[in-house]
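Chain lettering (A, B and C) follows the sequence in which the chains are written, and residue indices restart at 1 in each chain.
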């Protein structure tokens, strides 16, 4: 394990991500069809789309948790699917449900990474962990267990855990799902603040319109495993594509309800 | 769970396991986890008769070690004997393969040797002795029977009890008439001999007069063989004597008129008659052996003994079977 | 055919997991805390049930064999039978079955839920191989703890048999005769063989349970399915391996 990075937090190189002609099939269903994207270093890139469109699968490819059926994903110049890449790029993935280690306390969850990689001694680890916790105002939760935390707290802890890694690429999977509007706004602010402080490239998979319009530098729309459009938030304020417009500003139409058309819209 | 108390419990638990393992190995026949201490001797045999590694080595019935390995070494077989520490085996001790039961479970018996003699050390060779096994004993008994029969037949011939020797006493009569004085001396010799036979002196006498020998016969094959050989030589001598008489050696005239001589001649003849009567009536060992009936009886005794041994086996049978089953099971 | 390729795939996957785990062997000294925790969970907490169960297995063995051996007049060999059977066969197999049910299932459940709730993925993105952190300490712990449990099972079984032999009216073999019969035909190799068997079983159980846990796919429902699969596979493997390991040990 060659992983010694600088002790000073949040400093270092940040990476862009290139997705080229990515296709992924699970058994007989093709989830991603020839997806190509470019995330520039330092930007907040949002991937939006309806449920089941495959946006999380794109994120997993970036994190190296899935291998492409065809096409490739590159982080900087490194292949994301190669396990060696994780020795060269410190990428952190904030999972939708947090994916905290239930058997460990919040503190130990955060301390696991520096301990396993022997980045510093216990005192150093403590500084790091408490620093990350203080960024997210979680100092009081340090000795609680994940099962004692609310959904919003879990996500904040998950972000704190990602920060301890001093990431050069931060991936968020649905950071505001299942949260109340205030908590969603809080998390949106956190993501923006972190990018501002560390200039880390952030890829956010979300279907939260407010989040995307508030902080994204660019937004990509994924529909049925394909890229439907990429652009700045301003460009999508009044989208030309009716499908995207319908996704962003759905009009509730009780006379002609959508649920009766759902069967047809999915293949 | 406090980390430290957890470590302590795991440590204690592991040490407990180690201790139990040690105790178990220690208590199993003084067995050791690894190579047993003690020393090794080499024993060479012409035939191991089924002795195998793991069989016991006993000194006067007490286990002193185990056969570690058996191997072929040129024209003999060698057994490596792992002797327990502290067991002293003098260099004149003799090892032999013994059977602990008729079914063929073997052990290696070691004699005490002489105290004070230099002790055997690790790697030394212990002297060995071949032992007979049961089938050998039985076949030798058979041989012995036929040999004895042959001998007795010859005696019969010489004595006139046989088919073509019928005229011996008539001729003797004539000889006596012809050669009195010479016969006196011969007869007195004969008297001596027959008297000795009667009083059970000498081997033949014993053979004829003591039925008890019959049992001894079974006890020791080699002794019987020797006795038989003696008997044959003796009978040869007797034949010579009779032949001498036949040939008319000695003085006959004297004999005819000499009252004491004829008296002793009568005694001799009586003795001879007694002997042959005994032979006929089946007394004494040879007598018994002459009639097939007696041979059969003695064989029966042998068979009885074998029977008894087999009975003993019968008692052990299921146990051994269980042992075999238990062994085979795993 | 599909089934066959699936099984071969699982065998290969298990072996690869073993290789991946062994690659991290040098990290074991600094995972001491985890190793001790697993020793505690696998070994120490299994002690009561191992003790009780093997005691009764030995007792039943003595009772049954006493009943049937009486017909041969071979009661005095009960000690031999119970001793050898416990040491060579039932001790290791019973402990292995207990470990499969008690520890193997727990390991599979834990790893499966970590997998389902993406904790394993989180570890992977944190560049902490799950084999190193989750599999290695468990395998090391079972290797250390299994012989200890097996020897305890042996002794408990022997004493259970001795007690029953002495105090059952129809058997009435006193414990001195029992233990002398036990010693008479027991070689240190018999005990060693038993321990080797236990070691093999324990290792395979933990490896297979880890493999099945880490390869759980789907939602929470699959955790239960994985546990069932792990226990069933372990039991089958114990008994199949039992035959081959015994054969290998007898003719080695």
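Convention: a contact is a pair of C-beta atoms (placed from the backbone, for glycine too) under 8 Å apart; a residue touches a chain by one contact, two chains touch by 3 or more.
None of these values were measured; they are calculated from a predicted model.
Touch-path distance (fewest steps) from subunit A to subunit B is 2. Of the two chain pairs examined here, B-C and A-C, the one linked by more C-beta pairs in contact is B-C. Averaging the CA coordinates per chain and comparing them to the mean over all protein CA atoms picks out C as nearest. Distance from subunit A peaks, on a Cα-centroid basis, for B. One inter-chain figure worth recording: subunit A and subunit B are separated by 98 Å, centre to centre, where each centre is the mean of the chain's CA atoms. Centroids built from CA atoms put subunit C at 57 Å from subunit B. Our note on geometry: subunit A versus subunit C, Cα centroid distance of 43 Å, whole angstroms. The residues of subunit C lying in touch with subunit B in their complex are 33, 36-37, 39-40, 43-44, 47, 69, 72-74, 77, 80-81, 84-85, 88-89, 144-145, 147-149, 151-152, 154-155, 183, 185-188, 191, 195, 246, 250. Subunit B contributes residues 1, 3, 6-7, 9-10, 13-14, 16-18, 20-21, 24-25, 27-29, 31-33, 54, 315, 318-319, 321-323, 326-327, 329-330 to its touches with subunit C in the complex.
Interface residues of subunit C, counted against subunit A in their complex, comprise 30, 110, 113-114, 117-119, 121-122, 124-128, 133.
Within the complex, the subunit A residues that touch subunit C are 1, 3, 60, 63-65, 86-87, 91-93, 95, 97, 99-103, 112-113, 116-118, 165.
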